[in-house]
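Across the two complexes that follow, chain A remains constant while its partner is chain B and subsequently chain C.
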Partner chain A sequence: MRQITVFQLSCIGISLFITFLLVFAIASLFLVPDLEDVWKNLWSDEMRFSLKLSMLTGIVSTLMVMVFALPIGYALSRFDFPFKGFVKTILDLPVAFPELVLGLCLLLLFGNTLVGEVFRRLSVDLVFTKQGIVAAQFFTALPYASRILKSTFDYINPRLEFVSRSLGYTQRETFFNVSLPLAKNGILAATVISFARCIGTFGTVLILAGGTYMKTEVLPMTLYLNISYGNMGMALTSGIVLTTVSFIAIFIFEKAEVGI
Partner chain B sequence: MSFVDIDNLHINLGEFRLNGVSLSLDRGDYLSIIGPTGAGKTIFLESIVGFWRPDQGRIILDGKEITTALPEKRHIGIVYQDYALLPHMTVYQNIAYGLKKHKPENMDEAIRRMAGSLHIDHLLHRKPTTLSGGEQQRVALARVLIVEPALLLMDEPFSALDQQTRRRARLLLKAAIRDHATTVIHITHDLDDAWALANKLAVFKDGRLLQMGALQEVFNRPKNRFVAEFVGTGFYRGTVVTGKNGNANIDLGGIVIESLDQAHNGDAVNVAIRHEDIRVTRSKPAHANGVNVVNAALKDIVPEGSSSLLDLRVDNIAIQALLPHHAMRRLDLHRGDHLYALIRKEHVKIVHFESQSNGI
Partner chain C sequence: MKRVWIMMMVVLIGTAPVWGADLMVFSGAGLMKPMEAMRKNFEQQHSVTIDVHYGSSGEIFGMVAAGQPCDVLIPGAEKYTQDALKNGWVEKETIRKLVLHLPAIAVPKGNPAKIKGLDDLAREGVRVSIGDPKAPAIGRVSKKLLTKAQLWDRVQPNIRVYAPTVNQLLIYVALNQVDATIIWKDLTSWAEAKGKIEVIDIDPGRNIIKTIPTAVCTRTQNRALALQFNDYVASAEGLSIWKEWGFEPCAK
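Presenting the complex of A and B:
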């Protein structure tokens, strides 16, 4: 058996301490409220609206994120092109950006500007609308998905693609025959994490789409609005729903990551 | 015009590069490429198959220029060291992959026939990750041979195999290549691969082609010291002292040996002698017709598989001889022994200096 050092014990100790702290914090979310109250709140009009809107916008945003993240992740992994470093930095920026600031930037872009006007002419109004929720979720989740997919494609041996092309397949056919099937675990992981990010996005949605009761009210907004009114039951219920979605996402992500 | 014509190929990928590589191959030629790691061998293959666009130069295959053609349009097959089998497909699907593109009739029959000829017909339902190295190698070979490529490129396909499997793989490859009359370029680190399979040999170093020619020619007459050492040939500097009967006596700096090659008096030359062309005896032979006989001291013995390398000293000149084990046992050699090295005159090859020789 390997010798246990003080350093080793300290590292393990810190890990366990923080884990226990988080476990207690999350557990309190499930232990504090009255379960009968939670069940009743789940079926309230506000919660049903919020849950439905969250799921709907979350699914649409996740699909859009994946449609864009796949080519971005592949391009960053496989191709050299001018300003690649700049592109990578800008695409990653929202990961480190405060959500409220990102929301503000999007509000300015899609507000009374030429870009906003072009979108409105195409019947896409992103300010204080449900479409705005999708846009906010999209920009928040995209960097996470493109990062996961870039790493996924990095792990796939480019020689597999070389061989496919030498056997007569075009670059596009090779992408669909070889790269995409081999990236399936990464795609699943990116989808799940994107969905969790979309469902949980608060700051960006609040600034771009607004937090209007029963209009642009997604789950984080329900939590925020009900805390503001002092309605702890509803706030805790939305917290429980959000946490459950996150748990399921992380569980699937961990399972998928093993196969990347 | 040759079947493959590569003219003045230049590629710079930073860490790896090719500097003006030119070579030609006839249809059915089997070229082995050897050279140290980082010599540009893999880049060379990958530029032929179309994964790198050359900065300069031309590649012509069967009369058509393919320098800038897309890889899928070249009809050139490649087998990598790690075989690059598609892990999400079965062996059957891997072999069918290239063939499916052309949708021939009797595809199933062709796949089973190819699998049978390479003894992998019992593995068709398996995934590549469950196969041994030798089995994977045969699947990779089946996948490329079944599409009958105009040119087959192989990047150290035997390097991950043990000696026994490697021998069997060579036999199978040789038969398969013969059946399809395929033109092959094969990178290897093992000279036995070249001896077993190739009719031509090329030596690369630092992105340059140092020498290319018929296998025997490169082994027997390496152009410079680097090539000589790489192909296991002794390389010595000397001066032609007297020429008689059209032959040449060469002073290697203490000993004088005779060659059947022709040279002029006073010529500074290099002399190449294959290690295995030097015989060793304990007693001086009574007759030495056609043979150079020199006194030698045995400095060291290095066992090498089925033979041993003897490090001999003739005056101050180091000469290496390769002796099979049965000869070693018969002679019962020990370090410090005084011996006679016998070198047939026709095995002493004179290599004239080249103005731009590399690696001397």
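Presenting the complex of A and C:
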């Protein structure tokens, strides 16, 4: 018979306690506001604008993140190259970086430096614009995706790739026909997490894109602006929309059954 | 093992009262520097702890409206205190006018767009940022004074960004991301901004000058201490701190 120790009980107890608190916190977001009010807010011009902008920028950013994260994840997992440790640390840095600091760094970079000038020459202005939102989301979400993809590739047995190579396929053909299909779940998980991260990015967007009402207003910005306007109903509605998006994302993520 | 858990619980419960401060003050974000100085002085003199929540005036007003615990309310413009009074959230006899809040134009060092006054904000190609007219007090005032000067319609196309907080305006000017912004003059005297920006006064005839008030909230949990702090920020010592940070005291 299995004996339940005090230690076991404590661990389970703490898990349950925190889960309870979180469930209550999330539930109050749905229970406190007047549902009719929420429904009305959901169809307001501001919310429709912000939801549309969030979806659009989120999808564009996620696609860009994946295009960059796949080769990064593969390189970090499979190849050895000089300064690999340094590269890994720097790529992971934004995970631990406060979003506001990241936003400030990007504002400095795209503002008055040579890099910003190059982008402006290509008629991509990233300060106070919708493109800026995408840039902010891209840099915030990229490390999450590249981390997930690296560990996905780590778990794929390199022998399968060797077999493919020995049958005469090139490295590139092997990557697209063997490694990628095997990494299917990891790719799905990375996509979902990146999208959720993009949608939720606040600080970076606030500083780089400015957070202007009905111009660079994405969902977290709607929440923040309406707190500043003293419009709790609208703030709660954007909170509910954001929570719903993350719920769906986490659900898909769990379904994909991939550990990070 | 069990003993460790019990001890942890005891420690947690025992320290709980330390987490809550004796006084909760809601203050406009633009008043942070003098408020922090006064908070430290008051805490030392009375050996109490004070929590100050800084936010845009609209935000802290909304928080009081939502019933958040607040003892002293010091927003960036008197309108908010008057509105709070109408709703019965602050005590009328505790309202004190503290200092003047004077809007001014801030430009990056060297004044790249050669701004000389309000009219230049309407010139084509000038990159302007102002506070969101719905959020910080400066946003409302900027829109109002531009409307009063009959410039709003012409300035609007130049506005690159409406910032939800005052301090963002300062960053954007200091980093040369905009050519001009309208901001509280006292903010520009902050040490951080020194050497990065230049200030251009707005013609007094076209300016809108605000006063910053303080008031004790009706829902205060610690009325005696709240009154003391309320008096302190309006005292001679308090006013000298306001002056140190570039605010002008209200002429009595």
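What we mean here is this: the second predicted complex is superposed on the first by the 257 of 260 C-alpha atoms of A that agree within 3 Å, B and C clash if a C-alpha of one lies under 4 Å from a C-alpha of the other, contacts with A are read in each partner's own complex, and residues count from 1 in each chain.
We take it that a residue touches a chain if its C-beta (ideal position, glycine included) is under 8 Å from a C-beta of that chain, and two chains touch if they have at least 3 such contacts.
Fair warning: this is a prediction, and the values are worked out from it, not measured in the lab.
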Touched partner set for A:Tyr224, first chain B, second chain C, both or neither: second
Chain A: partner with more touched residues, chain B or chain C: C
First (chain B), second (chain C), both or neither touched by A:Pro181: first
First, second, both or neither for A:Arg165, with chain B first and chain C second: first
Partner chain(s) touched by A:Gly233 [first = chain B, second = chain C, both, neither]: neither
Chain A to chain C touching residues, read off their complex: 6-7, 10, 104, 107-108, 111-112, 127-128, 206-207, 210-213, 215-216, 221, 224-225, 227-232
Contact set on chain A toward chain B in their complex: 157, 159-160, 162-170, 177-178, 181-182
Touch list for chain C against partner chain A, complex: 1-2, 5, 55-56, 58-59, 61-62, 65-66, 129, 132, 134-136, 160-165, 168, 171-172, 175-177
Complex contacts: residues of chain B adjacent to chain A: 46, 49-51, 70-72, 74-78, 80, 82, 84, 86-88, 97-98, 101-102, 143-144, 147, 149
